[in-house]
Amino acid sequence: MSGYLIPAVDGVAYGLLMFVAAAGLVFCFGVADILNLAHGTLYAIGAYTAARLADGGWATLVLALAVGIVAAAGAGGLLAGLLAPVGRRDHLTQALLTFGVALAGGSLLVAAFGPENLPVRIPAAVDRPVSLLGHPYAAYRLVFILVAAAIAGLLQLTVTRTRAGMLIRAAVDDAEMVAALGVSPTRIRVGVLTAAGALAGAAGVLGAPIIGPGPGTADVVLLLSLVVVVLGGLGSIGGTLVAALLVGEIQTLGVALLPGAAPFLLFAAMAVALAVRARGLRLPVPRRAT
Amino acid sequence: MTVSPRRRVLGASLLGVILVVAVAVPWLVDDYTTALLARTLVLGLVGVSVALLTGVAGLPTLGQTAPYAAGAYAGAVLAVHTQSVGVVQLLAGAVAGAALAAGTVPLVVYARGVVVLMITLAIGELVVTAAGRWRSVTGGTDGLAGFPAVRPLWGLPVLDSDRTRYLYTLAVVVVVVAVVLLLLRTRAGLLLTAARDDEARLRASGHPVTAYLSAAYLAAGAVAGVAGTLLVTAQQYVSPADFGFDTSALLLLGVVIGGAASIRGALAGAVLVIAARDWLTGQFPGSAPLLLGALFVLTAYLFPKGVGTLSAATAGLFRSAAGRRPAAAPSGPAPAYRSEAEG
Amino acid sequence: SGCAGDGGGTGSPGTIKIGLLASLSGTYQAVGTEIRDGFQLYLNNHDGKLGGHKIELIVADEGNGAPTAVPAATKLIKQDKVRALTGIVGGGSVAAVYPVLTEAKIPFVGSNGRPELKDVSRVWVTSYLSEEPGAAIAPHVRDTVKGPVYAIGPDYQGGYDELRGFTEAFAKAGGKLANPDGKTRWTPFPNTTNFTPYFAQIKASGAAAVYTFYAGSAAVDFVKQYAQSEIKDVPLYAAGFLTEGGVLNAQGEAARNIYSVLNYSPDLDNAANRSFVAAWKANHDGSPTTYAMASYDAAAVLDKAIGAAGADPTPEKINKAIEDLGQIDSPRGTWQFSKTTHSPVQKWYLRQVRQDGRALSNTVVGDLATIGG
Amino acid sequence: MLRISGLRAGYGGGTVLHDVSLTVPAGTVLAVVGRNGAGKTTLVHSVAGLLRPSAGVVEVCETVTTGQPAHRVARAGVGLVPQGRRVFSRLTVAEHLRLAAGSRPRGRVADAARWTVPRVLELLPRLSARLTHRGNQLSGGEQQMLAIARALLIQPRVLLLDEPSEGLAPDLAARVRELVAGLAAGGLTVLLVEQHLPHALQVADRLAVLDYGRVVLDAPAARVRADPTPVEALLSVATPDAATTPSPADRGDAPDRAVHH
Amino acid sequence: MTTDLLVARALTRRYGSLTAVDRVDLRVNAGERHALIGPNGAGKTTLLDLVGGATRPDGGRLHLAGRDITRLGPARRSRLGIGRIHQRPAVWPSLTALDNVIVAALPHRRVGPGRFHSRVRRPCLALLDEVGLTGGGTEAAAHLSHGQRRQLELAMALAGRPRLLLLDEPAAGLSAVEVHRLVDLLSSLPRTVAVLLVEHRLDLVYRLADRVTVLSDGRPVATGTPDEIRRSAAVRRAYAEAVG
């Protein structure tokens, strides 16, 4: 029994890490409905920053966090600039553009930082195992319990309570009518992508010790984030948190319980969960054209 | 459905020219290019099946690699063990692709938009994983090679050169695409377009929409299956890497670039993207991703029309997945759908 | 003879085209660049000549695997009309390129991947067969570890081969696996980024040591997580790639003390290696890896073979000459091609990650068996 | 005030509006009537900046707004109640109101004339019972009320109303007409699209008839009220070169049957 | 009893704590013109949704010509003869107007390919004419104005040759001529078609309807002939309350 304890706890920590990694995508895709396939690349910017700047001290970690956030936010803003001149703003066009940026940006990052996985040094205080109910457990992973809670709370508040949050949701429904209220939809989009970049950059810096910078980082982060965001029901932050925890447990506890099925677990669970939910929504005919 | 006769004549003659050039190509270029083109055509055919779902039926897919793989392995197994006749292999591929689609229909047809994208992605990944582990049939991740040469029909000579393999591929692709186009000119195309536009309205008019979507999904599966079998012939080798996520992503983007609620656009787009990737990899070793990425960004600007046609049509569906109303056309007000799904 | 232009393409008289295919983008870019640089280093050290002929090296990008490798190889063979092909990181890519090679009857002197193939008459590799590292270290593990050993590896062909080599030889040597069902535990590849659930299983199995094979970022994740897990004190044995090249740098402290088996280590004490390492360090940061070394050797093989193939080295003649090569003097020590598998019969070394000056590095701590073929 | 001169606009190459010139002085209501597809919505959208006209000038309170994006036009003081409501489906009624009330248009509004959320809710009490409903959970009429409330709360100086009474119950529609008249009396400039001629005449100071994208009549409402026949004729008789909407077969007895009740 | 086409018994639909349609009993006879009026938010559209199958009831039963259709989906109901236009016109924007009508007609007219032109296409063109959209219907529906879309949807509903036509505010947004045409069209419908009409233009309601049901807060407060309804104090109260 206790053999499953550590995986179960780890599932939580890993799930929260994924939520943090996905936060930027939760914001721009889930909430603001802008499909950003360069999300993983924004994360990688943060992660590379951490590899370059953090040297094992707290000060440099904070510095890395600041620089990573600014750099990724800048990249997010740039992305918004790239998206702006395109007439149609549907998901497939966004996918085309942002995927192109991700491809090109990925090679630029590799050109700048080399094709190797880079080491990331964190303060010794957290870079060690701590005893968790008698089992040694990587202390740094527990950090994500706090970070995820902070990000989830912040996002939820922003989206539901602030004027900016209302504007973002309104722009998803009808950008023209938002404009008719005197707010420029372009500015909303730039704001969203910049904020999403900042979130991704922060996640990249903090997540670097676990999902470290390397040529494959962007893809891994993007894929897991997409899974989490879509499974979370697109837009609900609570739902995304639950989805992240679910994916975390599937990847740890599920693997521990059904090791033989491990390669199939995540995607099988995802396909079935999404299909069941879609069917559940569809049968009583969800949409009504009044 | 209404095209002026003059445009029709123009279109037909353009098509004729393209066909003539396509047939003449292997005599104009070297073997490398011929082999490349054959492979590219195959992927173009998968692109057609992607467009059939994404553009026409409004089910954006990242999972057509699944029936594609099924068709490929069906063809490969036949080729290795018993059958070297092309049509038999193609038929087997079509059946295998459709069968795989049939097995996954309930997962796909109730979902919409991005959710479909993720479900099909999962299906594709599961099939690739399974293919990598089912070594006795698929040869595992190292793949299968060394197939006896194919003969298109009983009594015809075997295809043992790049040129003949290309021509065979071309012939099959042309036939399949023609069949798809003809089918879409019937009411089927009309119904799928309507389903994509507003399926609740289609239901309210008495149409069994789910059945239509299932049929489209099966048909697309069969087309991808045929393409899979062709891949075995054109490439002489299959491995799970042929059906990976990169392939699905490139095909989807190719279809987007092609601007393809139109099948022909999708074929062109997919062919373009794959050819660009292969060509760039060959010409600029190491910089291909950078250039390809830049190419994607550029096409979005240079061909807003191509990208736009499909986007306009699918935008609505993408949104309806989350119970949102379709994007408002710049002019007219669009309906504000209510949704219980959100409640 | 009258067929000078036959396989020669359009190069200037006497120039020979050689194709090198390696991952210059994507996941395996690090390995791919090492392979390219190793070959280039040999060329640079030999005036750009192999066997007395000026060489035009045409490099193509293998990308992430078969789908990109095939068109790139097809270009090298059918358009550039190279006389021999070298490189290729992935076993899957080799398998995919193989039909094109066979059709064109071009010899292939690979420097890394090597899948199972039916007919290897034109296929040579200077690296090793995937089973060999495990087979080489198994008797040693059997002798030093007091208790059962847990075998774990990635769920793809390379993983199967690597781990099979170990488990079969280990069983033959009388060893016992700690895995509950006696079978290797496979982890999904490349999707596994979190290994902690497996560590819990290893803990539960009561293993006295672990044997594994990972490469690239999975190797980084595995080692870093291992070092903070509840089995951090269980000795870890691995095929050398776990701590080879750049991954060791990324693993840092976490890799300390890991044992690995490989056919090469930069600190090997022989003349060929000293000059190879020196030349390498003149152009690159850090030490050469086994990938670079194998590619360097591939160039050496071609050098000798082209030299032996006469004034007009056709692909056919080059292939024949490789067959007759005999001993090759290499940074890893001398080795020769096996007559049956066309891969090296070579010596294997036991290495441990230890402090070397300021950095950690793989230090040879003993010789293992000479096997191969 | 609102001045439109020589306006030409259309979609994707096709021209819908031809040389439309209209002036609405501050404190008055211009009612625009015209058959389906005549171009009324196109006109409203061109003024609001949702559609870029290909020629002509739109002037709002002495500022030229032609070609400006919609949010600039809105900030210049133009409020819009669009045809088809277009409320935000994921925002609750309360959020709609807060969002609109929080926008900062240029120019000052006297406090007495200021629209506040309580004042709007007093005008449209039905909405206060639906504050927590999202836009897509409202009935058609409720959505219409919300669209009106939203436009009022940005404190417009020029109000564009595209069939604001569509879907409203009769007494509520009457109340909206009172509101419009009251707003104009308070100095607002109102452009009202209204299909139902008697209703349009109730509140309008001037009446314009749009037909096939041209202003075919622009007259003081009082004159039309005195003799509606020419307008009624215009509204039912189609021009012969009709492309999409030719004349009905039964035009003879149309007007009075259709408009009286 | 045999003339009952549609019978709703205790039909109920709740949205959270709000009961939009509250135990409504409703009978529509074959060929009857039955109007449904009431203040905004009374539940009229919800009731039409329940009849058309777009939403499922939380309680009550629904019979069409004696057959229990409570559990059937909208497609089945349509094929049983329920046609509908929506409060917000719902058309297929990327199809031409004519194709919209053809698609709406298809499930109701099974014809071989050879007869398609005469059996489907031509009647559909005629329908477009009848509702006032001419020019061959070659315009994409996306390019139609609001009112034109409403006309188009009416043609689509008629193309299904329904036994029961559900009309949700068909006159809203129509100009004077079009309203007139609509009235003519509806009065000229054969008596094999029953109509359940939701409309705020009471002049039209009184002209067209055989019977009127008044809904308020989800409850039917009165049913009767137009004359009875016009005089009813309850009706006036229901409307007055809505205005507050």
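Descriptive notes on the structure:
Per-chain residue numbering starts at 1, and chain names A, B, C, D and E are given in the order in which the chains are listed.
Just so we're on the same page, a residue touches a chain if its C-beta (ideal position, glycine included) is under 8 Å from a C-beta of that chain, and two chains touch if they have at least 3 such contacts.
The model shown is predicted, which means the values in this text are computed figures rather than measured ones.
Common neighbours of subunit A and subunit E under the contact definition above: B, D.
Per-pair counts of C-beta contacts peak for the chains A-B.
With centres defined as mean CA coordinates, subunit B is found 30 Å away from subunit A. Mean C-alpha positions place subunit C and subunit D at a centre distance of 75 Å. The geometric centre of subunit C is 74 Å away from that of subunit E, both derived from CA atoms.
If each chain is reduced to the centroid of its CA atoms, subunit A and subunit D end up 44 Å from each other.
Among the residues of subunit B, those in touch with two or more other chains are 129, 133, 198, 200-201, 203, 287, 289, 312, 323-325, 328, 330, 332-333, 335-340, 343. Counting partner chains per residue, subunit E has residues 15, 45, 53-55, 73-74, 86-88, 90, 144-146 touching two or more of them. Counting only residues that touch two or more partner chains, subunit A has 107, 172-174, 176, 263, 284-285, 288-290.
By the touch criterion stated above, subunit A contacts subunit B in their complex at residues 33, 35, 82, 85-93, 95-97, 99-108, 172-176, 223, 226-227, 230-231, 234-235, 263-264, 267-268, 270-272, 274-275, 277-279, 281-290. Of all residues in subunit D, those touching subunit A in their complex are 48-50, 69-71, 74-75, 79-80, 82, 86-91, 95, 98-100, 102-105, 135, 139-140, 150-151, 154. Only residues 3-4, 6-7, 10, 14, 107, 110, 114-119, 121, 128-129, 135-139, 211-212, 214-217, 220, 251-253, 255-256, 259, 262-263, 266 of subunit A touch subunit C when the two sit together in their complex. Of all the residues in subunit B, the ones that touch subunit A in their complex are 54, 60, 106-108, 110-115, 117-119, 121-123, 125-126, 129-130, 133, 198, 200-201, 203, 245, 249, 252-253, 256-257, 287, 289-290, 292-297, 299-301, 304, 307-308, 310-312, 314-315, 318-325, 327-328, 330, 335-341. Residue ranges of subunit E in contact with subunit D, taken from their complex: 15, 38-42, 44-46, 87-88, 132-135, 139, 143-148, 151, 169, 172-181, 183-184, 200-204, 206, 239-240, 242-244.
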